[in-house]
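Let me begin by handing over the structure; questions about it come next.
Every chain is named by a letter (A, B, C and D) in the order it is written, and numbering of its residues begins at 1.
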Amino acid sequence: MEKLIITCALTGAEVTKEQNPAVPYTVEEMAQSAYEAYKAGASILHIHVREDDGTPTQSKERFKVILDAIREKCPDAILQVTTGGAVGMSDDERLAPVELRPEMATLDAGTINFGDEVFVNSFPSLINFAKKMKEFNVKPEIEVFDRGMVENAKRLLKMGLLEAPLHFDFVLGVPSGMPADIDSLTYMVRSLPEGSTWTVAGIGRYQLPMAVYAILLGGHVRVGLEDNIYYNKGELAKSNAQLVERVVRIAKELGREIATPQEARRILNIK
Amino acid sequence: MEKLIITCALTGAEVTKEQNPAVPYTVEEMAQSAYEAYKAGASILHIHVREDDGTPTQSKERFKVILDAIREKCPDAILQVTTGGAVGMSDDERLAPVELRPEMATLDAGTINFGDEVFVNSFPSLINFAKKMKEFNVKPEIEVFDRGMVENAKRLLKMGLLEAPLHFDFVLGVPSGMPADIDSLTYMVRSLPEGSTWTVAGIGRYQLPMAVYAILLGGHVRVGLEDNIYYNKGELAKSNAQLVERVVRIAKELGREIATPQEARRILNIK
Amino acid sequence: MEKLIITCALTGAEVTKEQNPAVPYTVEEMAQSAYEAYKAGASILHIHVREDDGTPTQSKERFKVILDAIREKCPDAILQVTTGGAVGMSDDERLAPVELRPEMATLDAGTINFGDEVFVNSFPSLINFAKKMKEFNVKPEIEVFDRGMVENAKRLLKMGLLEAPLHFDFVLGVPSGMPADIDSLTYMVRSLPEGSTWTVAGIGRYQLPMAVYAILLGGHVRVGLEDNIYYNKGELAKSNAQLVERVVRIAKELGREIATPQEARRILNIK
Amino acid sequence: MEKLIITCALTGAEVTKEQNPAVPYTVEEMAQSAYEAYKAGASILHIHVREDDGTPTQSKERFKVILDAIREKCPDAILQVTTGGAVGMSDDERLAPVELRPEMATLDAGTINFGDEVFVNSFPSLINFAKKMKEFNVKPEIEVFDRGMVENAKRLLKMGLLEAPLHFDFVLGVPSGMPADIDSLTYMVRSLPEGSTWTVAGIGRYQLPMAVYAILLGGHVRVGLEDNIYYNKGELAKSNAQLVERVVRIAKELGREIATPQEARRILNIK
């Protein structure tokens, strides 16, 4: 089994300091939270950026400042920018940080309800996103919230817009998406093109069990405050690092070693 | 095992006479095609309506004329109107035929890409649709194109907007949706609330194998030109009835009896 | 999908003329029943032999007479001898017909309860059986009654006693074995070494549904009076051919062509 | 989710002090090892007995001495005697310790190859075992090594020889049995009669991952030197307690509480 790649989803676009004061907003907070997660064992840092008041933004400039600040503290970590953006943004707005040529970016592989809103990712948009990442030599992490999205990715692969081996993130437990249970996870794993890698992001209370399944199954793990603000039921997480540390402890108990960023690059075929 | 309920999806909104001349548009064509399918063994007629030139419409008046014409020829068939509508229509437009109090209507249980378009069914819309059907005493057939949509239905059930037992239609094989294979079908069946009934609509060349799986598994079957215009590879279907007849023949070979409309009402708990 | 190989299990060792008069015992009955099944579409004839009074035997002489009689009527059919024998027989007794160098023989891949008896196939016996078949250039059909038996076959493969690609027969629905349902069948299919072929023998009333699943899934089918003496509930099968004919009709409805013996040889890699 | 019942399989019949000096043989060793495992969190002690030189025995007297010694140190632990015995023993020999009326005993639910031997449990024997346990008011733990054995248990249940709710132990990873992987485990769980409880014993290096799956899935866990003499690859376990402690630590990380013996009795419906 390959070593375990841990991604830390530091802040997201929706969780707030009101919900958990450990959620980082500012440049310094982001850099510090990234650093702690990285020291704890995260080799990939999944990055949304927010204004100092917490407002999420896809501003290229803000991304640049934050990526630079993180790079200074975690020189060899893999930085993965989000292209999720917010409801109503154009593809170009969402894709702005890709122009900074981070090593990775997320590619949301289809449309789905998010709460009362619709998170729109039409097929023509998917083509835009894939092309842009290819152009800027950014490795996509394909975000799938439901089974059909894997099919979209396969189509992009067949069209030559994505390059094998693909890397997927199963986001499980979103209310209108695929639930976070072992039947769903193993079904998803079976659906991937051969040679693909995968990580799993269980939402909320599913973060921990999904992480542990991934450790056992040879997948990889995403944790962090973006997806889950609790450490235990009714007990807020103190930091992103605390969530990473638990995964590291459990992986160690289970005999799965943690990948360094350099090892993660090799596993994910990042060039 | 319960008797087999066959639904015939007569015309849909997208297939055309250019693709297959048997696709019915006019009132007379709809009534005749419905009648043949019904005589062949369909107990539910799934109905979109179109203008004489094939343009799809959610016009209540057009629905009324066509439902009446079908009822005249198939007095005891269960008529199921679509509320799928077309891209850009409001909920109210899509819901218009529900006011005619047909016995059943479809309820699309989430948002998904359809080709280059997005078929939007936000959660607030789902609430609208469920309420309207409840108000007009119309039994919903919950259309699910991917796994997360079952979760939406469960939420509506919990909210009291849908009433158990639920009836689902798994639409499998849409390019951005769940694929039509046995792993997906059994996974979906396991996901249903206990006591639910289900039918399956395999798209295109998947219509036949999905139908046969359903016959064997105790589910129900939807066939018809809306979902599939071919009888065999490269050979157009001659009529809706021809597709129904094949299901009837196979069900007979497999020892599963065909439900009459009256039996279908009991199985689906239509009151 | 490859063409469909139909195996007909003509007589077995346990069903009797008292249960169904169509069960063949004598040389003439066996040859005639084989011929009818072969004409109906069976490319493999699975053969137990019995004395004229129905007593099962592994006598090499009796096998020779019957194989010769069948070959005369079905010159190109693939003859598959059983090595199942009866409780208490030695390996050598069970293996006697292999010395006749038929194209195929069954290899029971583990031990399991059969009714109140134990059908013993220890691992050292499996080694004997595999070696003998290799020595006589007989293609084994690996009979698996439960999941662990696939593991036994993999071990023999690793030991070089079986040769890839392996060919399996899932015998499903024996009271102490794996049940005949789609969950079990798909689980078994996922367990096979890549490149393996498989057929399925559903016991009793499971013969037909298992056959249909196999047609749809790209597997192959075994039917015949050995496994099932009924045509429908409460209605005895008139002949082995009648059971084959139904599979052929359904395969035709489902667009799967029937393999000739020559095509079956290629699919199974029989040299 | 119910609290986690940990069973410790202290010594078995096959592992030796030569393989791992921590394997207990003598009365004192058994009592001490049981005590440590119990203090670590095991609520059920699964007990084989051996002579001082390690020879396994089903002697009622030896069982009595050892059960008494264990009871003295672990007054409220649930003692579960094996009825597995050794190749060649009669049912009566194997059942001898049941007459001591321990709270639980194992019931091996079918026949399977064990290495080069056959572990025979014919259906008539299963009837004997079930009857004896019923007579002595001993709760059976149904040992299943492959899928068909669940069917045997269901038959005994239907015959009234076992009483619902049933409690199963999935022994996974025996060379000729069902392998220890998540696909097998979830398949097995789906096969149980509703209301059943289950534990899992992964053999050798599968002990730990199977335990963790069970923690996550709501099953229960069996660990111990009988099934696995290693703590990590190439590193012998120091004691039974060490294996229990690791499960307790992981369960704690995963938020699953450990059942006391009294809680285990309630969960298993032991009266």
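What we mean here is this: a residue touches a chain if its C-beta (ideal position, glycine included) is under 8 Å from a C-beta of that chain, and two chains touch if they have at least 3 such contacts.
For reference, the UniProt names are A, B, C, D = 3-keto-5-aminohexanoate cleavage enzyme.
Computed from a prediction, not measured in an experiment: that's the story for all the values here.
The chains in contact with subunit A and with subunit B alike: there are none. Which listed pair repeats A-D comes down to matching contact pairs by residue number; over half match for B-C among C-D, B-C or A-B. Here the spacing of subunit B and subunit D, counted between their Cα centres, is 51 Å. We define each chain's centre as the mean of its Cα atoms; on that basis subunit B and subunit C are separated by 42 Å. Each chain gets a centre from the mean of its Cα atoms; for subunit C and subunit D, those two points are 37 Å apart.
Residue numbers of subunit A whose C-beta contacts span two or more other chains: 183.
With chains as nodes and touching pairs as edges, the resulting graph is a single ring in which every chain has exactly two contacts.
Put simply, subunit D touches subunit A in their complex at residues 182-183, 186, 208-209, 212-213, 216-217, 232-233, 246, 249-250, 253-255.
For subunit D in complex with subunit C, the touching residues are 110-113, 115-118, 120-124, 145-149, 151-152, 155, 174-179, 183-184, 187, 190-191.
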